[in-house]
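Letters A, B, C and D mark the chains in the order given here, with residues in each chain numbered from 1 onward.
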Amino acid sequence: MSTQNPIFIPGPTNIPELLRKAVDMPTIDHRSPLFGKILHPALAGVKQVLKSTRAEVFVFPATGTGGWETAITNTLSPGDKVLATRNGMFSHRWIDMCRRHGLDVQVVMQDWGEDVPAARFEEILTADTAHEIKVVLATHNETATGVRSDIAAVRRAMDAAGHPALLFVDGVSSIGCYDFRMDEWGVDVAVTGSQKGFMLPPGLAIVGFSPRAMAAVEMAALPRTFFDIRDMAKGYAVNGYPYTPPVGLLNGLKLATEMLLGEGLDNVFARHHRIAEGVRRAVAAWGMKPCAARPELYSDSVTAIRTPEGFDANRIVSRALDSYGVAFGTGLGDVAGKVFRIGHLGSLTDVMALSGIATAEMVMADLGLPVVLGSGVAAAQDHYRRTAPAAPATA
Amino acid sequence: MSTQNPIFIPGPTNIPELLRKAVDMPTIDHRSPLFGKILHPALAGVKQVLKSTRAEVFVFPATGTGGWETAITNTLSPGDKVLATRNGMFSHRWIDMCRRHGLDVQVVMQDWGEDVPAARFEEILTADTAHEIKVVLATHNETATGVRSDIAAVRRAMDAAGHPALLFVDGVSSIGCYDFRMDEWGVDVAVTGSQKGFMLPPGLAIVGFSPRAMAAVEMAALPRTFFDIRDMAKGYAVNGYPYTPPVGLLNGLKLATEMLLGEGLDNVFARHHRIAEGVRRAVAAWGMKPCAARPELYSDSVTAIRTPEGFDANRIVSRALDSYGVAFGTGLGDVAGKVFRIGHLGSLTDVMALSGIATAEMVMADLGLPVVLGSGVAAAQDHYRRTAPAAPATA
Amino acid sequence: MSTQNPIFIPGPTNIPELLRKAVDMPTIDHRSPLFGKILHPALAGVKQVLKSTRAEVFVFPATGTGGWETAITNTLSPGDKVLATRNGMFSHRWIDMCRRHGLDVQVVMQDWGEDVPAARFEEILTADTAHEIKVVLATHNETATGVRSDIAAVRRAMDAAGHPALLFVDGVSSIGCYDFRMDEWGVDVAVTGSQKGFMLPPGLAIVGFSPRAMAAVEMAALPRTFFDIRDMAKGYAVNGYPYTPPVGLLNGLKLATEMLLGEGLDNVFARHHRIAEGVRRAVAAWGMKPCAARPELYSDSVTAIRTPEGFDANRIVSRALDSYGVAFGTGLGDVAGKVFRIGHLGSLTDVMALSGIATAEMVMADLGLPVVLGSGVAAAQDHYRRTAPAAPATA
Amino acid sequence: MSTQNPIFIPGPTNIPELLRKAVDMPTIDHRSPLFGKILHPALAGVKQVLKSTRAEVFVFPATGTGGWETAITNTLSPGDKVLATRNGMFSHRWIDMCRRHGLDVQVVMQDWGEDVPAARFEEILTADTAHEIKVVLATHNETATGVRSDIAAVRRAMDAAGHPALLFVDGVSSIGCYDFRMDEWGVDVAVTGSQKGFMLPPGLAIVGFSPRAMAAVEMAALPRTFFDIRDMAKGYAVNGYPYTPPVGLLNGLKLATEMLLGEGLDNVFARHHRIAEGVRRAVAAWGMKPCAARPELYSDSVTAIRTPEGFDANRIVSRALDSYGVAFGTGLGDVAGKVFRIGHLGSLTDVMALSGIATAEMVMADLGLPVVLGSGVAAAQDHYRRTAPAAPATA
């Protein structure tokens, strides 16, 4: 596979040149004052990206999965009750993790392609008059299906039910891509990683804890050491870590937040939306449908595309790699073989997106799917043209 | 301009990751034996790329222009007669250089879009019974017009005329891109640079001298020091340079030749041809024409595309940069404003080429040219699909 | 702090140019076959460095601390009994982790500067006729004190006691630096990280599990998800990871093992010993003493140097950084303020070591310690000269 | 040779991390406005480093030798008379170049180790009442001998003689290292390269032309094309180059000037002086002498050290490389075999310098020279300690 082609998996993303260079740094003494000058701006930058003034941010040398484990082990005790929905592979895995840690998970099953069912959550929470549910889990962007859930609606449901449960949100593939408002939505733990909206290599689990989540830490009886945020907080207070910090990635995170905030979060979100919309118009031009059930669920990070009944969608991914050196995402879990995914998050241009769309067309034609070459490209071009920045008047 | 988009100028090209890393090396002692282990394989690799067993190769810290100056100052004396054609900006510049160095250049004027006129050369050389013409200059690939000339035909013309002049070939944008046969074609000086077929940053003038060209050096009275190949040859004999060598670029050149020879020159040429042919089919689909006068002149390195009468072609280049962050080449000299150029040399994939074609379509539509979005892309896709490597049978 | 000076902390180490470039790679699809070509050679290489033919190797995006947590959570259940010694900060922390995970740790207290007490372990294990002790923990190289323990002796003690406990070894700062023999010593879990003997940036927890340790996994009731080796093993079987793998670091690990094995482990160990011995001779020339109690305990990875009574050793570390831009290690825990540490592991040359020794001399002189400038350097030079490779006869 | 050891040749120098990253940039369109944003700040930065408000700066993809050729071919005509001194290899080569270009060079022979003889120049210029001498050549820092000449004195000599010749100065290994005042000293052409005081890889010839030198260009009849500053000036006026510019190196030059000017030129010079003085004290402690005849001639860029009569100094250089992987400079020309050179220019710290001094001691001891190990190190340490920045009071 040529490393010159852009990559269209839904993370890790294409890494901007500047971030690669920020990560690739020589060893410094992580116990020297130099380290604090990297760490604290990185934490402060993440906080701004989370749109929070109250959260405490912790960054572990791990992945988003480690972020989930951080969230639950620092706030819960064995047997604690958790409310969740299963609407894709990543919500499924978080539920599985909770069970393996001895939590009692009440799962609302959803079709893959649907979102977090706020109304159903409201009913359950209202019925839970004993307030046995300690935490509500919600996956903001289901990477497996390309579904965006309405976290504000989940918060409204919780408030309507008058329920004191904490709200934990997996924002791994939404934060830094589209709007996320930790404080306004009353998110208690936000989880993400380095390799999606932050455009970095994988290797960082990034979590934000609200004051209420912080208050839960002392009571939480689940065992933890590596992911204990108390050790981490103690370390940060003296510019350090409880173990060896991933300095280069943190240096990259510092710069990534500067880039996102320098561009302006609204501009970042608009950029993602524009690229995503072009991809969706291409899908429509092909006569195909996203996995996401309704337009209001369409994710600006990734589009999962349903292939015709009886066709193995994985063939598209294999063929794209073998014949054209391009990486798309396969379907996972319940939608394995039924969808392929085009990731359009992170640092991607319209021009790069067009090459992904064009490749998908060649691959589908190669595999006998009834796609007109150039059709999706034209639909995306039309969108990108009309929304291109700085476009002077036509002759 | 995003550095994530591919670049479509006809050199410098997109630089492969491996070559960037080979060039970016820490300082070593260029007077130590280590240097010889970089220099000599690089020279030997270039020789193979030139398809020569007899040439001596010299690499200067300069550019192709410096290569031209090396060619003439090491072989000629003031007042010497040179035969050349002017069929584009780069042949024009070489002629200009000869005149500034006091040479007597007989110029055959050609329309821009035409090639080196071998038949006319034969007439002139046949008429030159006194053998006053010392050198014939030929530009293999006119980067300004996207025209490939037939160097073998030039050699045949010289032989038919029984003329002993030396044959100097500017292969800056052909060598490493399409077939070049120094020995078979009797090329006496071949000139190229690092930033085209060798896929490196600019900074190296690369020349090959035949034994006959070497024999001319002692008599050549044009002053030279920096570009004197005798000093260079003396240095090489002791693993050194007459001044500070560009070690990183030479290390890159060593690897570039390994990459080209490892892939196989025929495969490299086939790859260039395939990419170029896709671009040309797109141009045809747009209802436009290359600057090159006839198909047999079409260059596999760059396509110069004629825009409609009265339309300023430079606007395409500006718009592509401003609105889409993509770089195409402007028209130069006699074809300024009349053509824009898509470079397709070096390390480029079909997928990258499609993004360039798609961008050109958006730009032309933006500027009111009657181009159907997706039309060129579809034509190129069709070609790339049918010629894709390793394509298993369709379902 | 200039990043041009070498670093003398006991890890992360100076990173060789080639490894920095291997880690700094563009994004590839970690679900494509390409990833397996990085992962499996990396795992196989680690196995060879561990001198094991039987172990299963797992690599987590974490640190050595995560490696410890992997070791205990995959093999033990709450209330299980563990035998350990506390002879430095890192053994202390491992004990603390065990307790936080509900294990019952029997701790043999040792002075800091002493090693793992094999004889005392033998007594305890012999007395444990009910075989309640499930695991013996041993820190091969105590990074805090520069003490090397004799793991073979610990194994002999266990065998002499006829005790079936598993043997877990923290080899974070020994593996890849000096001799480690997983199979021969009957080590059941070996733990290390990327940033010491493997000379990489931090970010990988690397563990080897013996067949006996693997057998313990199914019974182990400690909760785990991120660090569950069963998920990891399942992933490896299909060239994948249970979550996003740190591809660049794994690519670096692959190359690091190639470099170590290419040099030859015995040569790697001899190189470390030579550099370390020079540092120790410098310490002796200063009239100072290592923290390690006896020469047979001296570590080839790091030397902790005792400073005079009443002198705050941390001042050396601060001053080195402030005045000379050089990083040494501070004393930790029980020896905080009493020692400073010179790391000499990983990719370090004699020449670099001399600059560290020379800096320490300047700093100590600055701070009024009675050190003769050049004295330690001369002692080290004498050693390095006599042991220099490829030394031709003197004039 | 390990690339981890610092390098002690008198250029190319150790390259700071930031500059390596600035040079290693992806291809941009050098005909786009982006290029001007690199080029013009680089030119302006060089001008400030030259301490000139009047000069025009030109940067060629070449080396310092190309800079010399630029100087003479743009200002002189065949047969023109030039005054120069030969006091080292680089002055020798410049004289040789002039002769090869048909100039009439009047050479004042000096012992190698002596400087430019201003008094003798004054006599000659005074005697040249016809003002036949068009240019005076002076090498500011003779890299071969480690001799600094007094350019202000040369200017005073010219003024005292009332002679209108132009003053051309080779500042290749002085500019950016110690004080250079183009305007104040009336320098008409200043020549340098990228790989010395600018701390970059080789590949750039950097020249500054005074208004008087610019005025000479139109009359200059020496042939030139590649090095013609008129073409270059025309290019700069439209943000371009007459051929393909070395964009990465220019980007590095821009940053290098920002680094030098940000540190402050006086601080840069003081830093060089401090490092150089430590090296010189080491030399004295060894009982050896610099090649430079008198202390006021000692260069802050490089020290050439005389070895005992009958000892081949090149053995030191070979042995340092073979046994310790360290590069020193050999003696060149008249002092070949009689001196070895320690380069101490560019981005070098005291700590790095100490490792070079320590290595030289080991090598000399290896070769049987009567050097006390640690003696030079101690002398340098003493100097570096007393002059260390930010040194708080001793205990």
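The criterion applied here is as follows: a residue touches a chain if its C-beta (ideal position, glycine included) is under 8 Å from a C-beta of that chain, and two chains touch if they have at least 3 such contacts.
Computed from a predicted model, the values in this text were never measured in an experiment.
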| item | value |
| --- | --- |
| Comparison of C-D and B-C (more C-beta pairs in contact) | C-D |
| Chain whose Cα centroid lies at the greatest distance from that of subunit B | C |
| Chain centre separation in whole Å, for subunit C relative to subunit A (CA means) | 35 |
| Between subunit B and subunit C, centroid-to-centroid distance (C-alpha), Å | 54 |
| Between subunit D and subunit C, distance of the C-alpha-averaged centres to the nearest whole Å | 46 |
| Junction residues of subunit D - those touching two or more other chains | 3, 14, 17, 25-26 |
| Sites on subunit D touched by subunit C in the complex | 2-6, 14, 16-17, 311, 315, 319, 322-326, 347-352, 354-355, 358-359, 361-362, 365-368, 372-375, 377-378, 381-382, 384-385, 388-392, 394-395 |
| Residues of subunit C touching subunit B in the complex | 17, 21, 25-26 |
| Subunit C - residues contacting subunit A, complex | 1, 3, 7, 9, 11-15, 20, 23-34, 61-66, 68-69, 78, 96-97, 100-102, 193, 195, 201-203, 222-228, 242-249, 321, 327, 329-330 |
